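Multiple structures are listed underneath, in structure tokens.
Note that chain A is present in both complexes that follow, paired respectively with chain B and with chain C.
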Partner chain A sequence: MKQLLAKLLVLSTTVALLVSCGSKDNVAPRGTDNVVSDAASKTYVKPGEYDEFYAFLSGGFSGQLSVYGLPSGRLLKVIPTFSVDPEKGYGFNEETKPMLETSVGFVPWDDAHHPELSQTNGETDGRWIFINGNNTPRIARIDLGTFETTEIIEIPNSGGNHSSPFTTENTEYVVAGTRFSVPIPQEDIAISEYKGKFKGALSFISVDKDSGDMGLAFQVLMPGFDYDLAHSGKGKSHGWTFFTTYNTEESNTLMEVGASQNDKDFIAAINWKKAEEYIAQGKFKEVPANYVNNEYSDETHSAVTKRLNKVKVLDPVECPGLVYFLPTPKSPHGVDVDPSGEYIVGNGKLSADLTVHSFTKVLDAIENKKFEGEAYGIPVLKMEDILAGIVKEPGLGPLHTEFDGRGNAYTTFFISSEVVKWKLGTWEVIDRQPTYYSVGHLMIPGGDSAKPDGKYLVAMNKITKDRYLPTGPEMNHSAQLYDISGEKMKLLLDFPTIGEPHYAQGIAASKIKSKKIYKLEENKHPYVAKTEADAKVVREGKDVHVYMTSIRSHFAPDNIEGIKVGDNVYFHVTNLEQDWDVPHGFAVMKARNAELLIMPGQTETLLWRPQEPGIYPMYCTDFCSALHQEMQGYVRVSPAGSNTELKWSVGEVDEE
Partner chain B sequence: MRKDKIVFIVGVLLLLGLFVFPLWNITLEAPQYPDSLGMDIWITKITDHNPNDIKNINLMNHYVGMADIQLDMIEFTIFPIVISAMIVLGIIIGFTGNKKLYLTWFIVMILLGIAGMYDFYLWEYEYGHNLNPHAAIKIPGQAYQPPLIGSKRILNFNATSLPAIGAYLMTLGLVLTCIATFLPIKKKIEK
Partner chain C sequence: MKKVILILSVLAFVACGGDKKESKEKESSKTEKAEKKTEGGRKKNSKGIGPVTELKLPETIDESMAAEGKKVFDAKCTACHKPDKKYIGPAPKGVTKRRSPEWIMNMILNPEEMLEKDPIAKQLYRDNNGAVMANQDLTKEEARQVLEYFRTLE
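Showing the complex of A and B:
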């Protein structure tokens, strides 16, 4: 205990020293003197004009993905992914409830960290964007035609899905590495039995190249380290995925000390092409696992939950050539592969230097069996044999690196709050710019692909003190936009973000084909009403199904009688509009969930359970037309057991 | 064959364009429709200029009590028959090389054109004036008739009514038949 305290003391003093000497080197200005004078014109997108890039920023603990335009930094949309969202009815309407289903039931929140665009030939293709749910391990796929979450797959045998979902060159796979190791299969054991009993699973999720449909192809069972981040190889390293590890000490308490003892941890290099061979040869174990796969259909406008119960697992000890360890100082966080696929940058967050491995040298060392030993039966390469170079003392607390496609790399430094530009090959530092403050990830559109658009860089900051008007004890996190087209980086813009933005992806706007409406004739929802003539109310015992339509500016039916206390009333509302950006909302008084927001051509269902007899107004919540305020109706609710006749109407005036 | 015969028959055949291209186009622009709404009028049908335009025009128009655009009209049966008949007649006349018959055909065609435009005007009049007395928005004295040709402001809409490709081909055809009738291009190619 004494020893531990002493260590802690030493560590905190060192960090304090690091921090103080860091701020001496780079006195972070309060804000304005590194902003170039023409910044405003460089981020100005004239009213009526479009931004050049889409930026997708993870919402962190909001469980969402937010969409911004670059260079303006304008918020374009928030896409609910792992969290219920009353604004859009996501997770509240009957159609999307299955999206948030898991092996333990409905989970309406998650911690979403890393968006990743689909790629073809190593280039972003604008079809889908994937994002991980950390807490209840899941991966979501968002369709970039509709900007809606269309699939979520749960990851079994995982204790925190952090090193995820980094795509391979042709989106053959997205990966899902566990941050926390846990017993596999899960069991009730003493935590002190961590060493040896806890394992880490690295999952490879296959993605159908036409439909995007995800499936858990296989898992690699790894030693009980923490798997932090990942990136898949490209070009010459295509076929490999690299995962950083920390806690190779396998500590299970006071990790800030326990997991910071080894001078080097590992980057685990997984040869997934080899894994495919082993799977084909049947060298896997099929182990029981409970997990779900939820898929939303744009035809039925509904999600379905599929329950799955086994997974193929590969043991590296039985599969030679599947995994190698690349020693990397020290608790590496990001692992980033340059556009050529040759350089693997290990961002050792407790290291003073940046370590860059050469993929060519890795292959060479493997071929010549130049190992320094083994860890859990996995060969460990010698660092000096695989080293491409070291960026010497670039800053403090390196986290993430992206590339501009012109031979430069950009790394964020959390402790010294800066972005540092350095040159691949010569490893010299070219430029450094402060961030405000404590920057995590950074993003260059296509900056982790084979073809970066090296024009802008977005830094995602954890702390926003003194950047915006105060909003109480908490302020939104912040993103900062830099122009990186020249030799020196130029700060152009600050903009607030949603939740905690971890990672982001950017893509040229021209690559995305956004849909304007859902075609009504293609609507295959089981309770669709495609015309007002189809509107009706059907009682099935205690369930009442209202086939309702909405169009500017009325519902059909707009008067419903014969509903009773104790009924489950399903309002299936079809939006008959076929015009871009004309959704209708639907809300009914004292509904205990949310509203609906129904896109043109879509059907959504609100379940309403009236509690007391009376007259209940319902109305459209989205200002849709000049007579939006008149878009309303009434439901009459009678006591349970009464015999009020079930009837409905629209446009019928009683003549008495 | 005589040159004027060729010119006349080619002119007549250009009327076939009416079966391939729209005759007329009406476009409605408003602030909330940056891409504008439009309908194409053919001799056989009315179609959306962009998908769902007519549905959206009807939706906007119902606020002021305008009826839905009728997609089946008697004209769509009559026009194709009349045009087909004129083409067949025109080809026969073309082969006779009789300049008096040329002129007759030309005059009939002009009269038919005027009749067509008058019919179009009546349709527009009906469309713009036949309002539901229970309409949500009633503006005394306001009619919603689109212009016969050219642009006109109707409330928040700028309505533009212009000939389309079919009409231009027909006009070119008439010019050719006119040239064949009046210009001295009788010279024989053969002999």
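Showing the complex of A and C:
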């Protein structure tokens, strides 16, 4: 018996070993031997020291924008943009609710894809970063002084704002091209009427050069294709914006087949300077359109929604010279313009090769009217006339290209999971490195501007699988950092990301001027209490306004009585601190809402509707000092119709 | 036997650590006592740590400067200080008799470092129940105005 047991034990151990071996093989990450031996020292940023670059990664379906340091890959901040964020009270406090207002009311979520830094003379300037909302078409502007979303504009006549918000050379415009074509104006028609009835609007959003204010300058009404991605020209191609198209077949069902029939689709080249001339000449139609423009003020600490109802539309057929089609194989995804502005790279995702057009040749073909025909009245250039070169069979499924400023281009290949480095002009492949896994966009700081900072490359992967400790069926998406300072790319680091990082932007940290506090004396919030002497409670019918202050470590008032069931209680909390990184939080029991997180010098408002009589504690949620736990107070709620006297106090001890 | 040795050495290690801690505590209480001994003169002479190293106050109070100082004090300081009674922090009334002008300005302009290093500020932190002096981002000029206002509170 003992012998049998011993044999069983040996057997089961062997099996266990075998199983664990086998399963280890299955989960072991591939490509661990790709990491260079000095990777750790290259990404190590000593405690207390700063990263060299900021990286802004889109939060994808989280609707937010995340901020990382490079080369460390440290997450520095998540900036709430298109989605509510209870952590910061964004979309929950009264001040930011208008930021998420749209033509159909409050929308708490979006799918954010492409961050784009503002530029001056084609170079990133560190003032603002823009990002598109895909699902309810919008563009947001984030202030890089405060790292807060400061403006959102809705895009009318759009079916999904994907090819957006790529900037022009001096941030004259950010663009918003629709991914899905729809009837314009919208109407209730059969989907089978797609061909001819559906249109694609390409919008140009003007940006005020001083304030950053966005406005919808004009839209170009295009044929009913899908407008996938865009980039604006620079240098010699300044004044033009290029949009890729797919589904030039105008299919409306089973698109994975239907939209992949044509050998070539188009890059639509829009001459926006010409558009400005047509607008000045009055050659536009002003059409009705409902959309909103929400803007946040750092003085009132509040957002206001402006409702707009008209848009200027240009029809390419009536505006010769406004749009040309550049034939490009096949379902091109990204369109990327090199730092000089000469080369326009079409990443044909179903094509075996990468197609690069020459802007000089495009201009020449236009001048000599060398067209192979037209589509919906828009001239189509001949591909052989405008071709600069072809990168032959560089990989499978090219998606996006960025540049290092040293004459090299880097293209991601989704299907073959790799980044390929190639040379502009000779079109030869120099290096290739695997990514883990299925890379989408890539980012080199300044890599889509006229002045790239070609030291690092971040590849953003769609599939994570075995790269990290498993966390159930879902894994965070993953980014990978490569050193591109030498001839060969070197893999340095993996780091997890928020949501799905589509595109990203990077900028030298020295270009960003981050603000430390909001000055209390500049606070123009209508319900501000700038000192404890201003703290008070005011009843206006069922609305009760609490003018409250917070400082380490008490609220004023911290005792409130006379609130009744059925009241709408507005806690307007002003943080009196004037010191960097000393926010105070505010929460009150059973608020069916979120917390407030109030920055130094700022006022924020929480709406609270108590439902039952009783005593309700309130407290500071952000650990602020050694006496943080003491930062609390009480609200007495009496039944509706009772006559409990309205009173408030701080530091008063009842001595009766 | 090996086990016994191991246990013994662990004990010795722990005891060692404990000893060190104790001696540190003794040291710090010694310093405190020393500070207390010299309290009177030393406190008035101490200039604290910060941007203000030398300041001679004129004989007469500049009333308009003091009025400006009251405005700044009311706007930025009253959440924690009442002019003539202790609130979260001490009352500024009489402070110019207790402390040097430099110390007062440094406490306003550089509270973090003062709380960390200045013996008087450290003692005040303990006396005031662990409430920190907040940095309210005053300019040097504003701090000077507040100091002038404090002179009117004697």
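The rule is short, and it goes like this: the second predicted complex is superposed on the first by the 627 of 656 C-alpha atoms of A that agree within 3 Å, B and C clash if a C-alpha of one lies under 4 Å from a C-alpha of the other, contacts with A are read in each partner's own complex, and residues count from 1 in each chain.
Keep in mind that, in the parts below, a contact is a pair of C-beta atoms (placed from the backbone, for glycine too) under 8 Å apart; a residue touches a chain by one contact, two chains touch by 3 or more.
No experiment lies behind these values; they were computed from the predicted model shown.
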Sticking to the clash and touch definitions up top, decide whether chain B and chain C on chain A clash or fit.
clash
Touched partner set for A:Glu532, first chain B, second chain C, both or neither
second
When the two structures are overlaid on chain A, which partner does A:Ile551 contact: first (chain B), second (chain C), both, or neither?
both
In the superposed model, does chain B or chain C contact more residues of chain A?
C
Who does A:Glu487 touch here: chain B (first), chain C (second), both, or neither?
neither
Just chain B (first), just chain C (second), both, or neither: which does A:Ile517 touch?
both
Does the superposition put A:Glu367 against chain B (first), chain C (second), both, or neither?
neither
Is A:Ala626 in contact with chain B, with chain C, with both, or with neither (first, second, both, neither)?
both
By the touch definition at the top of the document, which applies to A:Asp579: first (chain B), second (chain C), both, or neither?
both
Only one listed stretch of chain B (6-14, 96-104, 114-122 or 168-176) runs into chain C, and it is 114-122
Output the chain A positions appearing in both contact lists, the one against chain B and the one against chain C.
517, 551-552, 577-579, 625-627
Per the touch rule, the chain A residues reaching chain C in their complex are 517, 519-521, 530-533, 549, 551-554, 556, 576-579, 582, 625-627, 651
Mind pulling up the chain C residues that touch chain A in the complex?
74-76, 78-80, 87-88, 129-132, 134-138
Residue numbers on chain A that touch chain B, as the complex places them
517, 551-552, 577-579, 625-627
List of chain B residues in touch with chain A within their complex
51-52, 55-56, 59, 63, 136-137
